[in-house]
Each structure stands twice: as structure tokens, then as C-alpha cells.
């Protein structure tokens, strides 16, 4: 696979996965949505979508974020990109605190982090042609750039993500889901960002197509020196993509570790249940499923103590009172459970 | 009644021609018109007649409080006036007759045995009660002026006296009324409607207006009794067996409101028997087989007025002259240029007459046309006059400039309601003027604002359309004397003022009606010559009457008493 | 239930023969399900896999006779339930079958329940449609059912409205509704796709339990090969309206014959393995309008495609006993083709 | 990747010309016979009305006493009215006014409603609250009632078509604002709006380029409905005498002639043409609206 | 629910105050006053009129006038009609029953027709009957009510003589008898149909489309899958969902009907609030005009509240408590 774009053009550092420089550092991030009550639309409570999340992301690495629907993955991703305003906590990007940035300074910063969205249908403006979609970010930041130049850049991007040339003048609805996701990726790449947050980029796709997109993302990471925050609810996909994996439950990260560690030695009872629940395409293999009781509690009034204690098969009395901290139990392996040492 | 003759009949909007409403003489006539019998032959007994109104009554069914014509029309069916008026609008005895020697003290004698609907006998106390009510400080209606001239009324109103000193009860059937001074029109100005004392007993004067005897349970002395009222839409009346002029022929009269759009349909389908019709549909009604069109001379006239000055309401005088239409020749020329007969035919179906004076032809003081300039349609004459006066076309734009050579435009205003014909009839007038070379514009102004502007001599009011109605009292002072607010043209003419004063002056005219008429004729000649307003037309009162209706007569004073009406099968 | 049972010898409970279902698009009829045949034996769990749009749902709706009126119809073939031809039944007769003999649950638990009726009402209705029971009895039965599908506090849930329940609970209610009249065959159209893995595990567990206790047969439609591997006895792989491979679950995973099946399996990332690049199938399932009329429908996406694949239409041939495939790489498919051609 | 590009299936999928959503809608609309006939009618009426001064020779304001209430003849196609004015001429001039009032009101209402609705919907929070309270306030004035009252206020001196337009527009935009706001709110949920922000588009650009085009179909449909409604409002007010001043012909004014009994019953040529034209025009606009709605609805058949 | 309602009602107060200011300003700005037309030189004189103006407070400072008006207004004293010389409240109370009766009849007709037609068309879409219903509806939507009214009078009252063309009741029948109510119904029928035509058309169309849409919903498929008979699916599952928005329209209907009544009542000379309103404007009967305008605005607020409340009641998803 050739580098169609000259990657060095944009990134001075030839980063690799060994690079230990921190690109993103999130500390105690909280994002609450106000709940408007009744017809008077007063705030009657908060959905604690993200409730104290901390992690670090090294340059060139991929961190996977898994969790069940509604556990706050998207919210976390959007808050980090400052598409949402954090309620509390700090986001440090490339050595700069971007938690409080506003207006033009924030806009300027946006060049460096981009997002790939979940829904390939809803994330593309149906009224725009693909060429316009992809060139819009360039026009936003380089308004004086010549049309021709922009077009050339866009054509390059199209080629790079594997779309035909004539896609330039087509509309999104003329493409299949996988192709649309490529358009979304091209748009995110247009500004040559350092960080890409991919919010469930394949969960709306068929398995056969999903693999194309995953492969593409992998290739691009190498070519463009990208750092990924990869969000998904499918453990096997996350494991395939990531270097490290964070498991989220109800607005909290309950466990974070290297992907093999997570798979082989999950410490948190939730992680264990999650992994056991993933059906494996091997009829001969018999595995013991840990079936959790009930559903994820509402983030509007989360359980006291450990958020997972209501469903936890190993819960003890104090789980309902003590809120476990995310502790590093082994090197690089963080767990939030009082039962784990 | 107060002249329903204005053309607003065409729509349910009211066109506000100011009515010089008389004292509500409608709906009755003495029975002394027996000679005028109907062709239908013998009156038949029984049956129900439907009488249509073209606007909703307000529901103030008492002479002392009513406000609009429609209410008066209903009133006329169930309550009689003490006196009545003949074809020349001269007062005639009805329930009461009178005598006077000096036009100051009047002695009234009531017929005996006239019964109220509730069984009381009508006596002079009922009338005194009525007069005292009007003079009462709490009386809120508009009719105090009709008792104001009685001696002592002022004092009574101010609370200085317990009764009106000018009213002296002689017996149950005789009363003497003394006015503050002798006037020729004291009788005409006097309120001649009694009030039933039993019904109003215990009701404070201030509350009377809203009370049941005024709004729901009305009691009168007329040929029909009110049986039921559906507010705003209909009234049911039944025969008064004990009517003092004899039992009515009809059993029942239903009065109901219909929209003007429904008039022809209703007449054709025999849903109504009697209804006032608008001149424009007169021809259609005439053509109906089952309906007869009845007309009577009307009492109102239309005019085009000019603002000749400005009025100061505080000082009660015209303080400022306006020059634009000051030239008499200009006004006359504008009069000559209008083809009034054509205009009447076009917009009023021909149911009207060209008029040359501010008095309707039917009125006894009306000057004969032979004594007046009739201003026959003559555009050539008009042009001549304009040339003479210096209104010539100096810049060849096809229109005349004023004597100074400045542009001259007749800015004509007409009131607007929802009625679409107003605009075209007004437009037609401007076209006549344009034909003799006077450039004209037309502005339609919402009616409420219109009269406000006229009264306040608004800058934009230069030439304007209007109408006045006439009552029984021939005195036109309120509209024509130079110290009157309603002298809209702001016309100042000492001779006219003098004549109008003289005609009311007992010293001058005494009790001689002919003398009085001569003075008014003299006055009309002046107005006719000076033309502070261009008189256009007087309209007929027209009614569509189903042919099954008999015994109905119509003249300038209105319809005859309904007890004579009957229906054939 | 994943222990292997020999179903071959048993009589079939539901048999689909040469089913062809078509939709009208721009005035023309296109087959969404093309010549599909299979049979479901008592107590068997039959899996149906395939990409989105390959006709899985249409097939199940055809069985239930629930195709959208006017625009969709069964053109050909037979659906035999217990020897009865379902496609010949009138609406009224079919209503007696639906819910009682053959029941169905749908993919979307969020929209498949009527938002304005209580759970109790919707469940009782299912019972009342087929049995004459008093209201009280029905309610009791409903509470039992809710209990059975693992809903805690069923007495309360009966009187609640769908929006008050979570997705997993709603899917349980759907299942309760489907088994209310103890049907012999349950068609589950992607019952867990919309759910989270932990909840999916709960639902699959529940279905397995019910299948065993109620002696039901299940047609489980899914695109998740993992689910198939864990729950099914027999599997049909569908592509573009056709069955391309059919066999028992072990053979399928050990030795997939059709290139499509093979690619499908290789394209899923696996937890237990580490691979750099996943296999992928280029292109998409052709839409009904663009369906090739001739040859193999997979030809445009097939890495092993040959010239003749464009002209010769493969048939579904039994390559190995109990293992059929529709691909010209296999002799049986060629011959089968010739058989059907005759 | 190269493999993919070579893929014949991909090539086959390429259509000669790609259709924008608008083009697709246009094609659908053109195929809708009823809508096309309606459009044709509306255009004809509009053009005829617009060209009235060139097409007709009669003077619309001149009263012709000699030619009053004539039945249709070859000289006066639709006869003359009670003022002797040619009905055909007035019908065309009336169309000018009625359509002008309709279009102007629609334009102003849609503009203002969209502006308020878009701002409220996009910014939310305080802006939304303030704007929506204001909208509620406006919406609490029953349109007809207040137009009548307001027109009574301004009638006469200030009177005229422009006042009517202003009054109706000022009172009429509330519904549109609400609708646009709710549509924007729904549209805002789509990730492409988030995407626009994330690629650094400024709020004005997000509103104008991303949000408005996507709610435009709703706005257009609403505009046609408003257009029809405004023509009804104008004619109704004129009919009652609270609309366009009597001297200006409009369909409603012409129709108000039917309030005279003799016209209603004996001179149908005076009021039937405006009544029919008005009805068919409104019908056409509705059909066009339906057509557009259908065409813009990706789910609709055909 | 009660608490919510109370709070909603309280929430209306500031809005009504604002509206009252607007209404008052408008009344003030109107040219002319009720005494302008009352010129009757023989019976009154300019002094009398000036005195009436003074009495009515028309010469007071604006703020004083407003203060007086609004204080009286909130105390339920709406003043006295300058035209009818009676309490505005009494006047409205007198006309209100007619308008209410007209409105309710019209609503009943609307709902019955709309349900019958809408359900039929929704169940059998794209058939001849559906097209016919659709055609009628389009006509109903397009023909302005005054044209419809004029035609209705022309045909049904004059040509066919089936219905009366004006009024609310035949005066000759005894109040309260069966004939009396029959006569009222007879009178109200034609205007009610005309008034309801627009609503009928849009409801029918709405119901039809909603039924078609609902019938494609997943839950309908679910109902079918459990063997529910087709009739029950339409009459229960689909209808219940379609009725919800329809019921909430009821709140907005209050407003539509009242303003619709203005035109309809004028055409049919039906003595109700609408006619009173037009009258009051034409005669500059300010107390009546202002009270009615306030009342209409209040009804809008009230209607919206009713709509919200109904929505909360009928839709289990947003039930308020």
C-alpha cells in the first residue's frame, strides 16, 4: 500500500507506537446533561453521562473505549473534542489545557482533533455533494486557498480512502454505508489532525463491510501518524483495533489495560461478564457465560457506591457504599473495584 | 322612524348619515285616513305577519332610551305616541289633543279609556312620570333636550326642585305644560311618550336603562303586545285585544332580522311579508309576482359639502376662512356638471329625486322648485362659469388650473364601510367634474374616522360626501347656523342666520305657519344660490310587501298603524 | 442444545419449498427471495445468516403471510406447516395460525410494541385471539408469562406502558407475547441485534431455555456468526435472496464450502486471535433492481470467480451428505443446476 | 484498495449523472400530473395578472354609468359590474392584488418565521427561551381578530395594501417559527451538524449551509400552505370590508359584491369569476404544495 | 395534574397582561369614538356628546384610562357597551350560548364526518372511494368559508328551502320544548357545516395519512403476528394512536372555531360573539371590542393549555401528574 499523501508534509515527528509522548490527558472528566422536567422545562436533575473519567493517550497509540449503550462513550468523546462543554475536569491536549478554550481559539485548535461518527447516514449532510463535504473543513481554515488546490487535495483524499474520482460530484445517498463511512473518514483527514476520535465507526455496518473500514483505519494510522480514541460496543472489534482498552460502565471507566491483559486477565467483574458474553464463532468451543441480571441502571440516578454493584455477581455489602477509585493494580492495568488488589 | 332611507341597507354595516331623527313618529298614523282604503277589500281577521329588519336591534325597546332605527321600528308596533304627524309632517292629535294660545302654555287632553298592555289605564301621570324621568339628574339617555325647555326642568335636574314647575296636572286626563318661553316649535320639541308607572315602580332612574321593562317585558299602549324577545334576532308580538282604536286584524306579528343578502330570497319564498329594500334591488322586487313594491317620499338628502372655513368649538364660531372653494361660481359650476338624474338612476335604481335645497320635498316648508335654481345638468354652462371665474387650462394638461395658474385638484372624500357601491358612486361624481376639466381625486375613509375628520375640520377634508335626515321639526338651525358645530361647511352668512332665527321667533311669526314657511323659503333660496353644499338627491323609502298584506299605507311619516294591517290567505 | 442431535430422520414441522417472494419496484416485480427451500424439524433451532438485504426478513414475513399488501407477494412455492399450505389460507384462517402455531418476534423491541396500550393489554390480546378465557385468567397467565421470561415484579409491569421499560425488557415482553399460545415454531428475526452484549446473552439464554421447556422449533435469523455458532443446530447462509449454503453448524464452521461463507467468517475480528488484516468482501449486495439475471449472484464480489460464473447459474447441490452449496466450484452444484434446468 | 476501484460492480453503479436531492424531487414533481396542471394554472393566472395593464384596455377605476351590470358579451367577456367596470379586467387586476398580498405575506412570514425559528432552535438555552416566549406572545393574538382590529386602526389615512400586508405578516409568523424551530431541533440531532462544528464551521455557516437546506423542504411546503392561507385571509378580510380598500380591485373585494342580494341572485357574472378563480387558485396552490411535499419526501412512492 | 393546571393558569397572567396593553393601545389608536355617529340634532346637541365623552373617561390621561380599565377588568367588570347600553358581561353572556352551540355542533359534525371519512380512506387508500374523499376534502380546504356560506344560503335556504338562512331559533316555538331545540338545531346546521368544513377536511386528511402511516408501523406487524383480526387492528391499535394528536387538536379548535365564527356568523346573521365583535368594531363599541379581543386571546392561551393537558392525558408516554 503506497502512501499517496506525503505524510511528512504535515507531521514533523515520525511517530511510532513506541513514542511515549502524551498527546491527550483527560483527568476526572465529568459531563452532565440537565434533565428538563415537566412542561416548565426546569432542570430537575442531571444525567451523569460521564462521571469522572481519567486516562492518557500516547502519540500514535489507539485507545479503545468499550461499554454498553448509554454508558457515556459518545459523550466522553464529544466532550474531549469540546463539542460538548465539560461539567468538570480537565482535558489536556498536546500540552495545552483546552478545557476552557472558547470561540476562535477553540476553532483554531479543532484542526488538530477530528471525529468519525457512528451513523454513516446521519453524519453526512444529504444536501451536499461529497466534494463539498470533504473540502468544507479546508475552506473553513484556509479561506484563501485556491479552488483548484483544494480540489486536488480532495481528490487525493478520495483516492486515499478508496473512493472513485467521480464521487466528487455525487451525493452521499448514492453510496453504500461503508463508502459513506469512508467519506466521513476523508472529511476527518482533510485537516491532517493529530487525534481522531472514532465513535463506533463500524457498528452500523454489515460484517463484510465493517472489515473494510477497520482495515482502512489501520492503514491510515500508520500513514498519517494518527492517534485514535476508538469507541465501540463490540469487544472483538475494539480488541482488533486497539493497543489499550478502557471498559466503561455508567459514566465510569472501570478497567483500563493493555488489550491482551484485558482479554486474558480481566480483573473487574464487569469486564469478565462482558468478555464472556461475546458469542464466539466456534461451535466446538464451550465456554461458560456469565449472564448478568437486569439492565444498566439509569445514569440519571446511578446506584450509590460502585455503579456496577446492582448487577455484580460478586458484590458484597460495602460495594453499595464505597465508591471504588481507578487504581493501578499492575503496571498499566487500572481497575476500579474494591475486591481487586 | 328616523329615516332608514340611507343606502346602508345594502349591507349590514351602518352607514352613518346623521339623522335629524324626529321624535320617533313611525308606525302610526291616525285612523283618519280611512279614505285611503286598500284595493284588497275587506280586512280579514287573524293570521301572522312577518316583518323583517335589516339590522339587529340593540334591544332598547323604550322610546325614552332607544338608540337606533331598528329598535324604533319595533317600538312603533307596540307603543303609541300621544300625538302623530300628517303627510306634511305637521303634528296631529292622537291619544292626546292640545290647545295653546301663546305657544308657551299648552293644555293637553287625553282620550279616556286608553289601556296599557298590563291593564292600567293611561293617564296624564304616566306622561308626567316620563317627563320627570327624562329631566332626572340620573337620566343617562340623549333626550333631556326634549324636556329641557319646560319651565323648571333645569331646576329639577339640578336637584333644586322636587318636581317640574311647568307641569301642572289638571285631572287624570288633562295636564298643563308651561315652557320657559314661547317658541314656535315648543310642541314639536316636547317629549310625547308616556311611561307605565307600575312597570317602572321601584326602579331607580339610573337603573331603568338596563331594566326589564326596557329590555324584556315591555308594556306599551299600541295595537300589539310583546310576547317574546330573542335578543338580536327576533321579536314576537300578539294582538292587543283592548287596543284603544279597536282590535287589530292580525293575530301576530313576527319581527325578525335578516341579512340584506337574503332580502329578495326571503320575499320570494314568502319568509317575510314586509321588509325595507335597498333601491338597487327595487326593480327585482317590483318584478316579483307575489310582492308589491311600496314607496314613500323619504326625509333625507345627500350632498357634497365644501369646507369653507374652520370652526372653533370653544368660541362657537367660524374662525378661519378657506379659499379653495370660496368662489361661488366654482361651486355652481361643479353643480351644473353633475348629471344628478343619471346618477340616481344608476346608483339608486331611480328611487329618488333630484333635490335643490336642504329640505326634503315632502316637508311642508319645502320651497317649490320654481322658486329655486334647479341646476339642470349642463356641462357647457359649467365650463362657461369656470372660464368666467378664471379656472382655465393654462398648461395644456387637459385640466383647468386655478385663477393663479396653480394646479387645481378637487380632493373629494367619501366614507367607506364594507359597502362596495360607495366607491363607485363617489367615483362617478369625480368623473363628472373631470369632464368639465376639473382634476379630481377620490379618497375613501373609514366611516368612524370620516366624521371625526369632518367635525374637526381635518386638513384633508376639502370636498366631502354626506347625508342628513330630516325630522318633523322644520328648524334647520343646528345644521346651518354659523355658530353650530354641525354646520360642516363652516358656511357663514348673516342673512341666513337671521332668517333661521326669525323663523323661530314668536315675535316675528306668531302662530302663523305660513309666515314661518315664507321665511324658510327665503332661506332656501339663499342656500340654493350660494351652494355651500351641492344637493344631490333625496331618496324614497321603499318596502317590499307581500301581496297578501292588506290595509297598509305608507307616506312620508311612515306606515299607518299596524292594527289596520291584515293578511289574506 | 448445541449438542448434536440427528434431525435428518425426523419428519419436518415446517417446510418451505421453492419459495419465491417478489416486490414491485417501478412497475416490475423483483424476487427478494428466490427459490428458497428448507425444512424445520421439531425442536430444531435453524439459523439463517446473511448480510443486510439478503432477504432474511422477507422470507420470515412470507412464512407468516405478513408481506406488505399490494407491493409484495409470494409468487411461487409452498409453505407447509404440519402439512397445511399456509400460502393458500385466507386472512381469517391465517390469523388462527399466527401466534398459535407459528409465532414471530422482531428485531426492534423499541417500536414493535404499541406505545399506547399497557403491556398487560397487549399480552392478553395475544391470548384472547386464540383462547376463550376470562379476563382474570388471562391476566394471571400474563403474569406467569412475564415471570417466565425473567421479568421481575411482573404484577407491576403488566400495568405499565412500553416506554417505561428498557430495551431488554421489551424484547422479553415480545418473547412472552410470542410464546403466549405455546407455538410450535418461533421465528426470531434478529432478536438481539439492537441489544447490548450482556443483554443479548440474557435473551439468548432465555430462548434456549424456552426452546427446551416448550419443545419449540426456532428459526433464528441473525447476521452474527457468533450467535449462530452458540445457539443453532442447522444453518442456512443466504445471499441475494438465495440459499447459498446449508448444513449443520459444526460442518459450516469447520469447513465452509461457499466462498461467501468463507469470507464472511474471515472478516470478523476474533477475540481469541490476533490478526493484522481482516478479510473483506468488496462491494455490496446488489439491490433488487440490479440483480444479475444469469449466473452466480455473488460473482462480482467473489475472489474465486471464474468466467463461467457469469453465465452458468449454479444450483443448490448436496456436496457432502447434509451439506449443500450453491457454487460452480462444486460438482454437485453444477449437476443440480442441470437438474433444475431440465 | 486498488482491487476495489477495479471492481466492475462499482463501475456499474456509477450513473451517468448524479442527482441532487433537489433534482430527484424535481423529477418526481414533474411526473405529478395534478401538481403540474395546478402549476400551469397558477402560472397562467399570475402571468395574466402581472401583465394585466398590457392585456386589458379597459380602465379599472372608471365608472361607466351607461354600461352598468351588462351580461357577458364579446366586448365584455365576463360582463360588467354594477359600476360599469369590465369584470375580466378587474379580475386580472384583482389577481395582481390578491396574489401580491399572498406572496408578500408569505415571503415576510416565512422569512421572519424561519429566522426566529432557526436562531431559537440552533442556539437553544436563553436565546431559545426568549425568542419562543416572544413567539408565544405573537401566537396568542388570534390572527383574524387582530388583523381586523389593526386594520380598523390603520384603515383610512394609512390604509392600503401595504398596511394589510404588514399587519398580516407581523401577526402571522408565529406558527412558522415554531415549526422551523422544531424541525431544526430534530435536524440538529443529526451527527452532520456536530461534524460541521467539529470541522470548524462557524455557527452562521452551520445554520445557513447545513441546517436551512435540510429543513428547506418543510419550509417550502409550509410556504405553499401559507400562501394559500394568506390568499384566503386577504379575500375574507376584503369580503368583510376589513381588507384591501374598496377602490382597489382584489378577488375578495370583487366577491363582496355578492353581499348585495341582486348581484348574488341575478348577476352571477359579477361574482362567480372571482369566486371560481379564487377557489381554483387555492386548490392549485394546495395541489402544488402536496406535490412538493410528495416530491421532497424520500419515502413516498414513485 | 391539578397542580400542573394551576401553574399553567398562573403562567398565563403575565402574557394576558402584555396582551391587555396591546389591546388597550390598539383601542386607543382607533380613529373615531362611539359617540361620533350619535348625532341627532333634534334630540341631542354637541354638549351632550362632549359630556358623554367626558363621562366615559375618554378625555383622561392614557395611563389613568388603562389603569382604570385593567383594574375593573380583572375584577370582572368589563364596562358597559356604549351601543347596547348594558353590561358587557351580560351582553356576552347573552350571545355566548349561540356561539357555543354553533361551535359545538360544528365540532360534532366535524368529528363525525372526519372519523367516518378518514378511517375509511385510511383503511382503503388509493381506491376510488379514497380519491373521492380526498377530492371533497381538497374542495373543503380550498373553498373559503364565505363563498361556501353564500352558496349554501343560495341553494339550501333559497332554492331548496331546507334550512333557514338566518337567526338562531324560530321565535314561535315555546322555549325549552323539544321543538325549540329542534328549531335551534335546524338553524345552526347550515352555518355549522360551513364552519366545520375546513376542520373536517383537514382532520379527514390527517386521520387518513396517519392511519396509513401507522399501518406500516412495527407494532401493527406485531399485532398481526399474534393473530389479531384486521378489524381490531384498525379500530384499536391504529386508531388509538391516530386519535392522540387529533384529540389535542381539540384545544386549538376552540380558537379556530371562534375566529371562524366571525365570518360564518356574519354571513348567516347568526347572533353570536362573532357578529358582536364585528359590530363592536364598526360602531367603535370599545368596551365590547376590548373585552372580546381579550377573550379571544385568552381562549388561545386556554386552548393551548387544553391541548397540552389533553395530550398529557391521552398519551401515556407523556402523562403528567
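The first chain written gets the first letter, and so on, giving A, B, C, D and E; residue counts start at 1 in each chain.
One rule holds for everything that comes next: contacts are C-beta pairs under 8 Å (C-beta built on N, C-alpha and C of every residue); 3 or more make two chains touch, one makes a residue touch a chain.
None of the values given here were measured: they were computed from a predicted structure.
Shared contact partners of chain B and chain E comprise D. The minimum number of touch steps separating chain A from chain B is 2.
Inter-chain spacing, taken between the CA centroids of chain A and chain D, is 47 Å.
Centroid to centroid, with C-alpha atoms defining each point, chain A and chain C lie 33 Å apart.
Separation between the centroids of chain C and chain E, computed from CA atoms only, is 55 Å.
Averaged C-alpha coordinates put the centre of chain C at 51 Å from the centre of chain D. In chain E, the residues that touch at least two other chains are 30-31, 150, 154, 158, 266.
Under the contact definition stated at the top, the residues of chain B that touch 2 or more other chains are 13, 261-262, 265, 417, 446, 449. The set of chain C residues that touch two or more partner chains comprises 282, 284. Interface residues of chain E, counted against chain D in their complex, comprise 15, 18-19, 22-23, 26, 29-31, 138-139, 141-147, 150, 154, 158, 255, 258-259, 262-263, 266, 277-278, 281, 289, 292-293, 296-297, 299-301. Chain E meets chain C in the complex at residues 216-219, 221-230, 237, 240-241, 244, 315-317.
Within the complex, the chain B residues that touch chain D are 10-11, 13, 260-265, 278, 280-281, 284, 342-343, 346, 416-425, 427-428, 431, 442, 444-446, 449-450, 460. Interface residues of chain D, counted against chain E in their complex, comprise 136-137, 139-146, 148-150, 152-153, 155-157, 228, 232, 235-236, 239-240, 242, 255, 258, 264-265, 275, 278-280, 282-283, 286-287.
Residues 64, 66, 68, 91-92, 95-100, 103-104, 106, 108, 111-118, 125-126, 129-130, 161, 163, 174, 177-178, 180-181 of chain C touch chain E in their complex.
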